[in-house]
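Once you scroll down, you'll see the structures, which are given as structure tokens.
The following pair of complexes shares a single chain, chain A, combined with chain B in the former and chain C in the latter.
Entry: the complex of A and B
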């Protein structure tokens, strides 16, 4: 059975959600009403005017973060024949003139859905800094925590499902994604193990809703007294998070977190590893109108034995990403869901011979976009034959975020102020790459 | 102008004060380091001096200090800050009911000597050093964990500990050599390890210079490589495999592989070769090669450069830089070069420079970190990026000539910063004593207040904060497990297994080791697959142990002392401590202190939900709220651990009384470390009257879920 067959939706619920999706598309995504409370956000002092959303080609984002710095040469920007290529081979794809590394045989058949960016460039070559820039568009500072992209999307665009969080982070550590200085409702919901879903979302044995309501009422009273004494953002955030948690416990969409409801064949197609199952969970969440889902695949920091590691890592990504694209497409969700594959920096074209590794390389690396209005079957930007320099159409990390923002119709020039009055914008003045949209 | 003059005057005052105090501290340094109970005149003076400097700064800023915190607040805060958990019911009662005038000082004496101190400190270090139970492929982190815990328990001076970690060589799995874990944490990445060391111990960020000169950064790429040269030639394997015995092992492994006995080979590699090999070799060759793509005028690609310190005087070393004849293949050149270096102890020279009394950053960084640990925020933030950058929100120092001035000038209270720096040196880097001085200040014993992270804070009291993830977890298990700090043995027994395996490998002959491996795989042996060996052992053990445990439990309950004693003896014969097993059954096997769980705890564990670091980044922990935190307290721990373990600390105390008023009082003191107010007591008594016997569940649930529980006032 090939992927297309396995991933074809079989049950009526999925067809309904497909219809639902189609209807939304027809109604026009760009006219989504802005929730009025957002205009008054950030202590009232901050937002000068309400952000005005532009026309959107995407509604949701599934963001696959390759943590540790993914080698571009061994994945999306092979350099067959060059010294720097090493033992990794290159293969053709279903799009003329676009090659991938040999580790992506499945994706090679779906490249007509994909826009590759081979000209990513950054000046941050350390993990913490690179990862921070990628997620927030700003440089890491000690004095402020900037919101990551999912928080911006929900801040500007609002939620589409009132009982589920607008922003979910699967795998990885809690420190990668953050609400930054935004209100706690914009914090991501972290999911450690996608196969376990949302732990502790069921009431304990012998406890009913009435009991919880009674306890919550008393808790509220007690906490209100505490807040009279310590009335600050950190404390308030916990009130919000408890409201959030209770809403989620009682959500009729809670089943979105339960991937055991998927047929075995589908779960196998995504790969039975954490990342594959995380991508499947991401699809279920997007289906239930969660707007931004990040899934982390760790282990790309290949200073040592890069080529062995590629043989392990790439198939995991190939399987999960390809299944995700096919699955979303079959369900009619791909056109409104922007899928992004990104990493904090690339790896040196030069092979460190004493340890068969590649070191950090922010100067030239790759990213991938698909769905959400992106023109498939294309490549943006170019590196020289050795992979050492970007020679065409460089794209900065801020530009990449601006591109994602522009697909979602976010106002890139709209200034938001931190509680202490410092101005920030969603992609820090990045320029969207308009050429990759249909 | 006035401010400048004022500043100068107080600098003089500080200097004079510092000299007097240094004398006082030095006088009692020797005899008091390990005797925390003895009142220390010097320490009291030091605490007073800190208070004076804090107050002077507040006055300058037109601010007032907070009022003195109540005993209840002090009690809870000092337990959390010193032993890392809330006081249990008995501990809280003892303090609150005491009418002694010196009871706060007595409590600090008691806490700093309690076993919980080491447990709590360990969490700090494992967050900072990214300590992992599994350091790298086939390298256990247990010896490293054991090393850190032992060093903390012995109160080893910080500078000694740092030198040990920076210079450790030899087998990582050998008893007493866990300090090798520091370098092995970054196995194969000596450059990153150097950047981490400079950041952790000297508060300086070098990592950007690893790849390029940066227009806004102070350090150049050449400087980075000069620093990296101190660890030149370091090998991520110990030298055992280079000895005759070691070579025999390697040969044996090769033979297994050439005979294509894959499973046997893999087992041999994991259990024997890796145990012998894991470690660090090389004392440092003192030189390093510039990267192949080096692009600046001050060096050539692949050029060997000699170690040089970032600032201060470079220690002299007899570095032998091999002469290179031009070779066409630069990659080969590199390999030749790295193998031709001669060890000149450059790592030890680096360690000596880092920890030298003359290196101002070393004392300042740790003094600032300890201040932050106790007071909630560093005098300099961020604690590991002390030099000013071009970031417009950081005040730029006018004088960049000397790094000392730059560093202190960045502090929110420069006089206090330089005083703490001196104090740190005067107490001989005794972190226990230093923290105790901080806890003894009036500043610490005042009410806390809140300040957002981008607003300056001048310490009218300690900062209001949420418990760390480990404090939250350890406080929760305190409600269940009696004498909860006594779990430490668990980790050391894990390390013991690693040591024992290493000892076996190096003390047995190759033939013995091979014979042992062969016997596992002999035809007809039950050990079909390497993993089966462990599985089978575990199963056999369980089949023997479980009935004995049941026997012991039953006999104890019925008061059948002879049978119980017999079961105990049999369990001990199997190497099992009966009391530990009983405790685990009663209070939950996983309810250990955070420091005794794996590092990091598995994803989805409560301590991770509350923000424990995944050990990827230096100090990667956080204290932000999240939905899983709320869910685990709403539906998880309270119901499944506190209520379920009926013999748990809180549950058994609640069951001992029938009176609602007593139950309310017990719950408040056990969970919030204070008695209920009259209003609260009345309200809950009414609820108990209405709801009957299950009302206590509502009470406990509410208190554990409350803001008052998770925030440290």
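Entry: the complex of A and C
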């Protein structure tokens, strides 16, 4: 006889408990998270206190994510005259002493609105890891999913528009930005194609509001017993998704998702590509008080034929970003909207001659901030003349996130506990770059 | 026999914990700092969270994380990062309790080396904090102070903080009750900055319901409103008198409202003694019927830095004249988006010759 046999309950599996077990495993409805959290709460560990918000200069964020690792030398940190520069030329801008690559003639006229960070540095040189770190400030682990920045913002700062989601991800795969271990309401609303707007947000033919109400009421009734029995986060998450969807469907602000309401001239200016139209949608959403919108532009992983790819990719970014900045500024939105351009790492200054490409380079790369209280017309940090080393004011990925967080007034020292009782903070102890704020 | 011994131990263990369970309330009742809590801190924490000292190699060791636990003032002041190390009356919010009760394999657990605190020790500290964190006569090392605004950001003030600090100086904050249900509950009312008596008021997603009558709900708040977002709401020139009675407006957004040029002129040119909107820095009139005549009084607003008059009847001549008269005022009059890409540029990469 061993201990296991002693501990096994005397009664055998009843049909009911079998059904519970099946529901748990098949539907993924674990009761453990709730139980373990209660236990922790009794110890006084997992009870979160209310975050105290600090002074904010920005209210919303448009986060342009350059997926794949954008070459800094061919974009925001040109090294004219150096061997590492390659065929990409450099041009002057409307700010003395700041140059861009020749692929950004439009942005060059708006640099008085922009703070360039040329001293980004990361320790993650692989895409999945780098992307994860950039979005969450934590290293990718198998045991936990960390919330990405948009989720933190909505968790701490709340929504400003009660009927629209507070966190939207345009283009790119949903796995890039995530609610992590936060509640489902903090998950991003994914938009695949910005020109299609929000799919399935209209009532089906022949169904009116009354019918929907009746159906929802019936659904609630049918679910009541189940919800009582499995009163946990995952079941609540399903309910929340329904509630959110209905709220959104009935929102008077739903038109924010419809970029076909924009004049053709505006749509052309942003560029008739997915990214350009995504930036335009982002502007519409921020106009309706959506707090965090991420737009993804991929294709920056230029191991081969880097320079040809730059001629292709950079104009897309130049056009969309410039239009976004001008449009936000003219509408008065740039005062409180922080625009971020970031990438998971840079690319080697050294040109791989055999394939005319540049490889991953996390040691020194660039990012860009504008609006939301950021002082324009400035550059933060510096790389050496070859672009191989950060020689002034290094900014880690956590520091960048802390900078964004501090612009939004998020409490960087406020600890949130995961369901397993582990402590996490927004930006993972990064230090904000305060020098770039006006 | 081995197995039965283990079983017996099991039973004894259970019995012992039962005894402990019943005994606990009396044993741990009302811990006092000097006799119950301090010995735990002294034995487990002070090595790292004590006064500056030299280590065995003569190097200076400062208190880790800027946190000292060897004096009342130091404990209440907290660490470099947070003032909530001990929150009297609330153990759950106290970082000290949070960190000592982490799972034993957690990298953040305190103390980081050696044995974790026992459950009884954690319970003692928890109970002491929950019952108000009374230090009794114990003072410990002098120094440290309780920061005034817990959680307030360090570092230099932003220009916005300076402006709102100046404008709100000496102003008594309104009672919380006065901020409830403003304008029939349509208004979102918040402090412009944490702790500031000045208010930011907006009407997100209720624009069509906010009429001149509804906006009258702001009358009791008018001395405190510093940032008013009325973009797209259904107000008219009738509301301008109310807005004129808000002396601390710093940002005013009237875009896409029925506010008109004549209305602005009538409001902004009253008898000479009235000093209107002297604090106003940003005024958004995009999409309104603001006209050239309205720029004349607007030009006199002393602190105005941002004026938005895109998509209005204002002429280029008038906006140029305004720019000339007020070179530091940033006037947004036209939407100058980049010209569309030339045909064909977006179809595939441009090829370089050679």
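Just so it is clear, the second predicted complex is superposed on the first by the 382 of 438 C-alpha atoms of A that agree within 3 Å, B and C clash if a C-alpha of one lies under 4 Å from a C-alpha of the other, contacts with A are read in each partner's own complex, and residues count from 1 in each chain.
Keep this in mind: a contact is a pair of C-beta atoms (placed from the backbone, for glycine too) under 8 Å apart; a residue touches a chain by one contact, two chains touch by 3 or more.
Source: prediction; values computed, not measured.
Novice: Clash or fit: what happens to chain B and chain C when chain A is overlaid?
Specialist: fit
Novice: Is A:192 contacted by the first partner chain B, the second partner chain C, both or neither?
Specialist: Only chain B; A:192 stays clear of chain C.
Novice: Quick check for you: in the superposed arrangement, does A:234 touch first (chain B), second (chain C), both or neither?
Specialist: first
Novice: Per the contact definition in the header, classify A:355: touching chain B only (first), chain C only (second), both, or neither.
Specialist: first
Novice: A:55 contacts which: chain B (first), chain C (second), both, neither?
Specialist: After superposition on chain A, A:55 lies in contact with chain C alone.
Novice: If you stack the two complexes on chain A, which partner ends up touching A:210: first (chain B), second (chain C), both, or neither?
Specialist: neither
Novice: State whether A:418 touches chain B only (first), chain C only (second), both chains, or neither.
Specialist: In the superposition, A:418 contacts chain B only.
Novice: Using the touch definition from the top, say if A:266 reaches chain B (first), chain C (second), both or neither.
Specialist: second
Novice: So, does A:218 touch the first partner chain B, the second partner chain C, both, or neither?
Specialist: Only chain B; A:218 stays clear of chain C.
Novice: Chain B and chain C, closest CA-CA distance after overlay, in Å?
Specialist: 6
Novice: For chain A, which residues belong to both interfaces, chain B and chain C?
Specialist: The overlap between the chain B and chain C interfaces on chain A comprises residues 420, 422.
Novice: For the complex, give me every residue of chain A touching chain B.
Specialist: Spelled out, the residues of chain A in touch with chain B are 123-129, 141-145, 165, 171-175, 178-179, 184, 187-190, 192-193, 196, 198-205, 207, 211-212, 214-215, 218-219, 222-223, 226-227, 230, 232-235, 237-238, 240-242, 244-246, 248-249, 303-304, 348, 350-351, 353-355, 357, 360-362, 388, 418-420, 422.
Novice: Considering the complex alone, what residue numbers of chain C touch chain A?
Specialist: 3, 6-7, 10, 81-82, 84, 87, 90-93, 95, 97-99, 101-103, 106, 108, 122, 126, 150-153, 155-161, 188, 193-194, 202, 204-205, 208, 251, 253, 255, 282, 284, 286, 306, 308, 310, 332, 334-341, 345-346, 348-352
Novice: Please name which positions on chain A make contact with chain C in the complex.
Specialist: 1-3, 6, 41, 43-45, 47, 49, 51-57, 87, 106, 160-164, 251-253, 265-266, 268-273, 288-289, 307-309, 311-312, 315, 319, 322-323, 326-327, 329-332, 335, 373, 406, 409, 411, 413-415, 417, 420-423, 429, 432, 434, 437-438
Novice: Using the touch definition up top, name the residues of chain B that touch chain A in the complex.
Specialist: Interface residues on chain B, with respect to chain A: 187-189, 192, 195, 207-208, 210-212, 214, 292-293, 331-332, 334-335, 338, 381-382, 385, 391, 393-394, 450, 452-455, 464-466, 602-604, 608-609, 611, 613-614, 616-618, 620-622, 624-632, 634-636, 639-640, 687, 698, 701-703, 705-708, 710-711, 713.
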